[in-house]
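Below, chain A partners chain B and then partners chain C, in two separate complexes.
Entry: the complex of A and B
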């Protein structure tokens, strides 16, 4: 067997195995990896949802009372903001696939701005609670019943962890913006943007569960 | 034994010129083989630290009252021994070292699915390890909660808790990334013809383990974060003074930490399923049964966590259900043991060093497994809960089980990984010492525990003196054996003879590439046509 045929077969074998060291890329594999990662994120929050469930069962009256203290208007506005940002995220990917790179960048920028808007709202919401003296360890809160302490403990922990994910999302999407500008994300190679989008939708999805659990159910 | 004449024209991965040289050619390498070896060395170092701590603990227990350290230091010793051995040695263990090296080769791939992520996992592992060690030297003193970090003590103690917890969180992240890398690798990078049922059983075990790593680890992640948050801000979720429930912490902790014992043992079972057919010169008995029993263990392993909490306060129904589910795990575990023994039956057995380690494993693991049933049944559990019986059981399954197989894997794949041979005679002497020392040390602990000696105590009543003496004496033999084993391997590495391509007559793909393998493993990606343990010359005899 001549050397040329030999290496050709190697090439073929490598590509049918879906892999070779630096050249071949595997978008489907990258997506599997991302979905697995998102699954771990769900489980991370899952632990908190289990705790919420256990304490809601134990302190249902106190949870009812404490939930009334939350500002449903800000919660609703933030829900709308995040849902819209998921839309702009999806549009950014769709635009890139159609070779409309400028539109894609605009949509991505809109997503980042909406994420900021969410955090600003969150800042004012938490700030208002703090100024009313409701924060872990405060005199005001420790004078309340155990159930209310736990409710606000969960509120700060869960929305705080979610807020942290929004911040990470902002950084991630900012990187994607630069990558599109530098053309390392292109209309034919956009798996990074797509995976970032998946992450962003997850952040949105978790909020969709947090919102009713804290603001809507009384 | 099917040793081929060595092809000297290839360049092995150690000699390959990359972008960097020296140390950087290792710590910036995305080659799965280099990463596997870096994990191996990291783990051996951490093992030696953990072993030293264990040795000192046994020395402390030689006499009543203070022998070498005070009670608070002893608390720090058993905590660190646990954290180091569990989070830095046995959880990364076989998957991180041997899985990284051999998973891609065994499925006929050039690397894992995400090589850079793989390097990140290693960096996180080292960073987490160093952070844990670093915390020992901070003001406040080393952590003394035990490796289980039970609240409310872990939110009250004045020792350094946050940094070791952060380290555990980072190590968990490393474990998750390895897990998702392996799952994707198995799904995407199998060579042509390598269907799921032609995969070596080690790959099956790694695949099941990887799923547990992905699915269970986030729960310990959030639990650890909550303890940190509790210490920093006092939100009250686990603090009974503020209405929180410490038992809830225990549930969340064990929801991860029970499946974690399967993260530790499943890959070991995979290695056993590799070594036995090689040394019995015949195909494995009940391939599919072994493959599916890995998945079954991974699955049932999720639903048994509360058997660690039979005395913590649960309803009778919950206790009964968890006890029953615990017994179910014995079924797939039994399936494996019977299939291994059946494989040996009428095989042309060659008693090489790796097989002897496996034999020791089957013996020790069976004792560990059967005493697990004593712990799993409600009535006896109450009697031996939190005694030396638990410690002995745990070490029989984890040390006698997983670590023994890690050593077996080291002796089995050493020639392939390093291209050198070790002295087989010395290896056998070391194993004999380990086996004798192990049983002397830990079997006495079963008796001590049954008589009522509580775990984690620094002092004991006079009637336990004789057994404690025997146990400590055993620890000396054990440590001597372990040191001899490592010394022998080190000598093999430095001065050993050149190893042939296939010293044991193995049939899986790693034995078809030179020792040590070249950079991208295969010149031509192989096409797989037969099942993994096919011994054409031997099969017809049966």
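Entry: the complex of A and C
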């Protein structure tokens, strides 16, 4: 709210001065800040992928055996859902840039709905694992070989952390929806939406690597 | 007024480009799933990662706008990826040549 007032003052100041660089708004800086945050995310998941690489080398056979338990169909559907949500996210920004605010809101709502669909699938997927007795610390799982235990440990940690990012994304994008409604995000001032979009695409990007590494080993 | 000018200068990607990239991403997903069914031995992991790499290049360049952004973003991203790559390569020497 204070930001909106702030930019309003800045806009008035700019129009009286007649120069755009007098506007107290730093979209460029905001974007750099967002990218820096995304790099920390990259390192966070990168570290987990290193652990995956090390253990897959050590327990190659167990990883192949354990991966058979994963549902490739759900994994594929979730990949398609996330890719589509990335498209609607990009379209939402493109529509806003063209002053098509209603279309932008529809696209953003579609992104949020697809994110929900992803989580619903995840719920059923994990639910099925749990009902088969495969969850961290379960009797069924601890009776398996070390390699399989590690595979499922990594599976729950990595897809779980990714799922947490999807949940955060839903909240973030819901805020952006309200911001557009309240005109705090406008066709001339949409850096918040753009940065949220960058976050959302990163979530998609991480899944692009998680999917083949967990679901497509045979 | 001046702000509108500022926005108009920015590169705008058309709806069609996004839809096209999305279609390519979907077909790559179908490809990677189909290929995983074929027994290619050690090439399974290689092809899967190669396809994932192509997909991520498309997402970063078009959806995340890196292709159209100021060069400094490309430099930043390059440094971040090189750092991650260096860590991966150095550690993989330890993992694969014990």
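The rule is simple: the second predicted complex is superposed on the first by the 195 of 218 C-alpha atoms of A that agree within 3 Å, B and C clash if a C-alpha of one lies under 4 Å from a C-alpha of the other, contacts with A are read in each partner's own complex, and residues count from 1 in each chain.
Quick note on the criterion: a contact is a pair of C-beta atoms (placed from the backbone, for glycine too) under 8 Å apart; a residue touches a chain by one contact, two chains touch by 3 or more.
Values in this document were obtained by computation on a predicted structure and should not be read as measured data.
When the two complexes are overlaid on their common chain A, residue A:50 makes contact with chain B and with chain C alike. In the superposition on chain A, A:154 makes contact with chain B only, not with chain C. Looking at the shared chain after the overlay, A:143 reaches neither chain B nor chain C. In the superposed model, A:32 makes contact with both chain B and chain C. In the superposition on chain A, A:41 makes contact with chain B only, while chain C stays out of contact range.
Legend: residue contacts after superposition of the two complexes on their common chain; A:184 is shown touching neither chain B nor chain C. In the superposition on chain A, A:59 makes contact with chain B only, while chain C stays out of contact range. Shared contact residues of chain A, touching chain B in one structure and chain C in the other: 14, 18-20, 28, 32, 36, 39, 43, 46, 50, 54.
Per the touch definition, chain A reaches chain C in the complex via residues 11, 14-15, 18-20, 23, 28, 31-32, 35-36, 39, 42-43, 46, 49-50, 53-54, 57, 72, 76, 79-80, 83-84, 86-87, 89-91, 94-95, 97-98, 187-189, 197-198, 201-202, 204-205, 208-209, 211-213, 216-218. Residue ranges on chain C touching chain A, taken from their complex, read 1-7, 10, 12-15, 18-19, 21-22, 25-26, 29, 32-33, 36-37, 39, 44-45, 48-49, 51-52, 55-56, 59-60, 62-64, 69-70, 72-73, 76-77, 80-81, 83-84, 87-88, 91-92, 95-96.
Listing the residues of chain A that touch chain B in their complex gives 6, 9-10, 13-14, 16-21, 26, 28-30, 32-33, 36-37, 39-41, 43-48, 50-51, 54-55, 58-59, 136-137, 142, 145-147, 149-150, 152-154, 156-157, 161. By the touch rule above, chain B contacts chain A in their complex via residues 108-111, 113-114, 117, 176, 179-181, 183-184, 187-192, 214-215, 217-219, 221-223, 225-226, 229, 233-237, 242-245, 248, 252, 255, 520, 523-525, 527.
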